[in-house]
Amino acid sequence: MTTASAVRAALKGQQIETPSWAYGNSGTRFKVFAQQGVPRDPFEKIADAAQVHAFTGVAPTVSLHIPWDKVADYAALAKHAADLGVRIGAINANVFQDDDYMLGSVTNPDPRIRRKAVDHLLECVDVMDGTGSRDLKLWFSDGTNYPGQDDIRARQDRLAEALAEVYARLTGEQRLILEYKFFEPAFYTTDVPDWGTAYAHCLKLGERAKVVVDTGHHAPGTNIEFIVAFLLREGKLGAFDFNSRFYADDDLMVGAADPFQLFRIMHEVVRGGGLDPASEVAFMLDQCHNIEPKIPGQIRSVMNVQEATAKALLVDADALAAAQRAGDVLGANAVLMDAYNTDVRALLAELRDEAGLAPDPMAAYARSGYAERIKAERVGGTQAGWGA
Amino acid sequence: MTTASAVRAALKGQQIETPSWAYGNSGTRFKVFAQQGVPRDPFEKIADAAQVHAFTGVAPTVSLHIPWDKVADYAALAKHAADLGVRIGAINANVFQDDDYMLGSVTNPDPRIRRKAVDHLLECVDVMDGTGSRDLKLWFSDGTNYPGQDDIRARQDRLAEALAEVYARLTGEQRLILEYKFFEPAFYTTDVPDWGTAYAHCLKLGERAKVVVDTGHHAPGTNIEFIVAFLLREGKLGAFDFNSRFYADDDLMVGAADPFQLFRIMHEVVRGGGLDPASEVAFMLDQCHNIEPKIPGQIRSVMNVQEATAKALLVDADALAAAQRAGDVLGANAVLMDAYNTDVRALLAELRDEAGLAPDPMAAYARSGYAERIKAERVGGTQAGWGA
Amino acid sequence: MTTASAVRAALKGQQIETPSWAYGNSGTRFKVFAQQGVPRDPFEKIADAAQVHAFTGVAPTVSLHIPWDKVADYAALAKHAADLGVRIGAINANVFQDDDYMLGSVTNPDPRIRRKAVDHLLECVDVMDGTGSRDLKLWFSDGTNYPGQDDIRARQDRLAEALAEVYARLTGEQRLILEYKFFEPAFYTTDVPDWGTAYAHCLKLGERAKVVVDTGHHAPGTNIEFIVAFLLREGKLGAFDFNSRFYADDDLMVGAADPFQLFRIMHEVVRGGGLDPASEVAFMLDQCHNIEPKIPGQIRSVMNVQEATAKALLVDADALAAAQRAGDVLGANAVLMDAYNTDVRALLAELRDEAGLAPDPMAAYARSGYAERIKAERVGGTQAGWGA
Amino acid sequence: MTTASAVRAALKGQQIETPSWAYGNSGTRFKVFAQQGVPRDPFEKIADAAQVHAFTGVAPTVSLHIPWDKVADYAALAKHAADLGVRIGAINANVFQDDDYMLGSVTNPDPRIRRKAVDHLLECVDVMDGTGSRDLKLWFSDGTNYPGQDDIRARQDRLAEALAEVYARLTGEQRLILEYKFFEPAFYTTDVPDWGTAYAHCLKLGERAKVVVDTGHHAPGTNIEFIVAFLLREGKLGAFDFNSRFYADDDLMVGAADPFQLFRIMHEVVRGGGLDPASEVAFMLDQCHNIEPKIPGQIRSVMNVQEATAKALLVDADALAAAQRAGDVLGANAVLMDAYNTDVRALLAELRDEAGLAPDPMAAYARSGYAERIKAERVGGTQAGWGA
């Protein structure tokens, strides 16, 4: 067992990044239900993200999505963030919303479109230079809808070529982190469909290329914590995109669908050293709130990650190892479940109190009047959204 | 085996309905890629549907979707259709795109919203009266995203009440056909998630209430032909919404993802008497074309259903029954596979030729110049789409 | 919220049935790993089941499986149980292990085999008469492995006929409870694959025919609590077969794979009145322990059901309903999660203490020396198992 | 398009290996239905495999499974095979049926058991030396059933160590081919659950370590042809284990559940050069016949692979590439479907005729009287089976 003080220190040091797009409107292909008070520009998104940090104390960074968060002056945006107590985190590229990308971006059969897509990725590295971001997060919607539509193998060649060019452009501590997704929006093949594909490409790129595990991007039944443990062992786990789902990729709040799974994932993170800052594993939320209010949705999500982390830290590692060595199936399971079944909410409330925060972030945010204020103030203009 | 002449007669008599929304723009939550020449109003959609019938000879009706296809004068729309050689088919209600429906329509906890939703359904019956449509097709996006969000059971009470009111409004030959869907856009519970739920409600409503099987709306691995056989045995199969998918509901062309499954479904249809017009089973397409051209996408889909039907009709029913009675597993399977492995394209080409149609509908449509004409003519105005 | 005293009363009154086959050897098709001390006959199985009751206080009945638990004198067996403080529960029929059943039992194309299968079911009712059991639990492995192998619809006719004959044989309070299963051992069609099929048959049979929900028998992603809520609303939920799984039907301890799901299920049970004895919902375990010791595996499973039930009882129903009525998505979810996140282990320990039991049943059983005793005593003879 | 003569040459040169265990009894955990005439020893299994080759002409090798096929004199077994016109193929290790392996073999926490398991693997290489086999096929049932049961990461360390020792023992052309499986018999974690894990280990082992794709061993919805294309591009596709399934790993005949998928897989094999003997891709069946007769089940399976291969060879590669380059989604799909929809049975019959074989292998085998002969002769002794 980690000592009580080590548990507390680890929880105090935890950092969970929220995504700028979580604060804008989102929905399904059937309908986007607009909410009042939604940000109209990246500055307002960062203001909302700063609220999540203000009430939780563990969400000091916010990911951007280019071009959704394109601004003329990134230094000004970074300063705006700093003024509000937060920083710019990862830069997310978007090569799926231009009409040119209907049949793919970096894997498109048309070299002109591939060039355009790669140029956008390189532009994102420029943004990183401007904002001081460490991570270029790449997710490709590329794939095909019908058997025969394109050559599966040739698309891998094109992908490898594009990644190599972008990786070569990185400098210093910058990283390329590559996300995989089982399917959607491509419905037959996806060019980076699983961790194995992302891993194989990252391996060839080099040390600063790592895999992003989005918890919602797997085939039914996939054991995600196995992948986490495996990538940590290989030194190739770059980041998490946290969210949860009952079916396909649903953007539900992390921990909402299967809190036990989130705990098991965090247990492997703890086991594999992923909480150690030296591991450079980034913990990000990547989820949108279609029907629930957006800032509270992020606050609750951050709290869910905290609770799972706290439980994972409470696992009695010595007792667990002893039971495992003895082949005591029920005993080893019981050690894990004992931690999971512990109610850690009081512990986290106490830590918040020590940090000068309200013990209940949800209630404190509700009391703050921020929600009413943005509803009143953010009138006119165009609400942020995916622009699909 | 059905005699050769009976096979030909059955194929000549087949009718496959295409949906008006297949001709408009559609996409995923990530992006809708607009296509040139897309209809701007219901009249243009019907013109496109008439093309599918003109080249295949077996698609004489087109489903409407209200309010997407709302017009001031339904008689004029029906006459327009008749002038182009087609008819109005089923009326599809839409209670998922008004802001009021964020937490549900007929199952919403708010009685005002439920009233509004039911009123829309009743209005759809008015449209049926105006167009002479037989079928009111109901699909509800209603459900919840989070455990606890609403009371699962109370929502069933509300659903039952709404359905009863609408069913009571039907007259003459009109039917209420109820569609189920595994998930999406609701991500935790869906109020009509499976055939059992739809069946139970239809049973209580009465004889003119039947179940719609949408081939894309099932849990992974579900044996759809079993459901088809079961519902036919119970006299409760109302209609098909055809499409196909490799993952979740993807709107791929029917038969594109698993042509053998489509064949097995049509085999159960033939076995259960579903091709007999007296069965009143409606065969509809319900699929959108996100990256492929829309009219050819419908033509190919209609042809896929025809090919599967032809193969199903070629199954040697006597040999199959004999092998089944004998417990000859491989022999019975071989009888089925023999029909499936037969290339029926020449037979269908011959039937088209006899009907005065070009033997290859795809090539004939391409030659017709219609695609170029609508691209040139349909400039300006607003392209039809889902309006999500 | 149920008052604290009502919560305690409900928990004290809970009854969870364990299955005789859980105490014998079991495994996968790859290997059955025999354990020491396993029972050699039904009397020894009941002795083991009595241990589970002795340490938990809530497992007073044990299901039998015929012919695995066939004895010459059922009155003697019942007396043996009574002497040990337990009773005989449901009778499970077995029509899947005779060579005759290779292509099906009650749905077999061969009428002789169907007759044999139905006769076995009727014999099981005789056993019920002899043991005083209320429930005949029917699970059919019947189905097909290959398309075309048999006629899906004809098999339903045969199934309906068999069920009707058996149902007619019941007397008094006896019930026929029908289990469904997604697949296995049949690999293409299963004759009762889902709740809808079981429900439709039970509806035709009559009031004393009800559906069994085995938590491991669903397609991936199926929302089981929806089914529970639906069947309770229809008065057709007969019983649970509890177990858990990460993939297909795996016989893991209930609550081991997804404790949150078990809680959601119990929440719907509480909501729908299923804990009320008048509802006649039976709570049974149906799981085998392949690698973990068998009696502790059952004790842990019983405790898992207790903990989920306790949490479900702690849900603040008034607050939940208020949030649901208000359309407060996060608020309603929070009410549910508050109960789930509560550590109920101390409460249950207290209740055990009040009942004169050790607060920790696992530790108490380990201390009891029973495991060592049966290892020493049960030497020679043939260990009980599935006999596959 | 491959020229007609090249298509014929490729089909004549195809080699499909059948597994010795397909000829013995097999079943599910519920029941093994014994069949008459089943082999009693490895010599009789090889005799049956020789029948499959005699009637299809493309199944000249047979895989062994150690210890199921353990004999005193492997040279004698190899000579027996040669006398019957076939050869010994891959050697399959079995480290899942000894009581010691309950909690794992090469990943077991107990070093003694790991040693025993590795020794068995080394012994299998001895058998390869004795039989002249090229391939050591490794499938590990290793994994865990419960969260916490063992350390996921430590098990990878142990696995890597075991593989390295075995790989070092190989000589000459010998290969280690590593199979992955989604789940079963382990129900929580599996130590080699997906192609990514197998690939990562093979990469570290070296050039003679390659991945085995078992078509039944994937999560629902997995795009297997993508994996095939990817591994071929990486030079890491070692072999196929062919079979098919509707649900989990079901051992149905390859091509029986989804013939279109098999075609798509063979299309990627053709595209990626996998039919070229220099690629060293082995095509093996790995399936058991639970309810269908075993030799005909293998013959039909071999024919199914042949038919899928023939269709894949008929794809007009130039037309396909042109449509792909042009972004013609429907056109490219149509090229593929044109080949799939072609009835290739006459072509294959013709090729058989040219090779001096009966055009219909199923009918010819049935006429041969072999089935009746082995039923009469193989009386007494113990039928081969899995011995679970």
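Going by the order they are written in, the chains are A, B, C and D; count residues from 1 in each one.
One rule holds in what follows: a contact is a pair of C-beta atoms (placed from the backbone, for glycine too) under 8 Å apart; a residue touches a chain by one contact, two chains touch by 3 or more.
Composition by chain, UniProt nomenclature: A, B, C, D = L-rhamnose isomerase.
Small disclaimer: the values here were computed from a predicted structure and weren't measured.
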Which chains contact both subunit C (L-rhamnose isomerase) and subunit D (L-rhamnose isomerase)?
A, B
Which of B-C and A-C has more C-beta pairs touching across its chains:
B-C
Per the C-alpha means, the centres of subunit A (L-rhamnose isomerase) and subunit C (L-rhamnose isomerase) lie apart by a whole-Å value of 40
Mind pulling the residue numbers of subunit C (L-rhamnose isomerase) that touch at least two other chains?
103, 145-147, 182-183, 188, 220-221, 223, 246-247, 256, 260, 291-292, 329-330, 333-334
In their shared complex, subunit D (L-rhamnose isomerase) is touched by residues of subunit B (L-rhamnose isomerase) numbered 220-221, 223, 246-247, 256, 258-260, 291-293, 296-297, 300, 307, 329-330, 333-334, 340-343, 345, 362
Using the touch definition up top, name the residues of subunit C (L-rhamnose isomerase) that touch subunit B (L-rhamnose isomerase) in the complex.
103, 109-110, 145-153, 156-157, 182-183, 188-190, 193-197, 199-200, 203, 218-223, 225-226, 229-230, 232-234, 260, 264, 268, 271-272, 320-321, 323-325, 327, 329-330, 332-337
Within the complex, which stretch of subunit D (L-rhamnose isomerase) touches subunit C (L-rhamnose isomerase)?
26-34, 96-97, 99, 101-103, 141, 145-147, 182-185, 187-188, 220, 245-248, 250-253, 256-257, 290-292, 386, 388
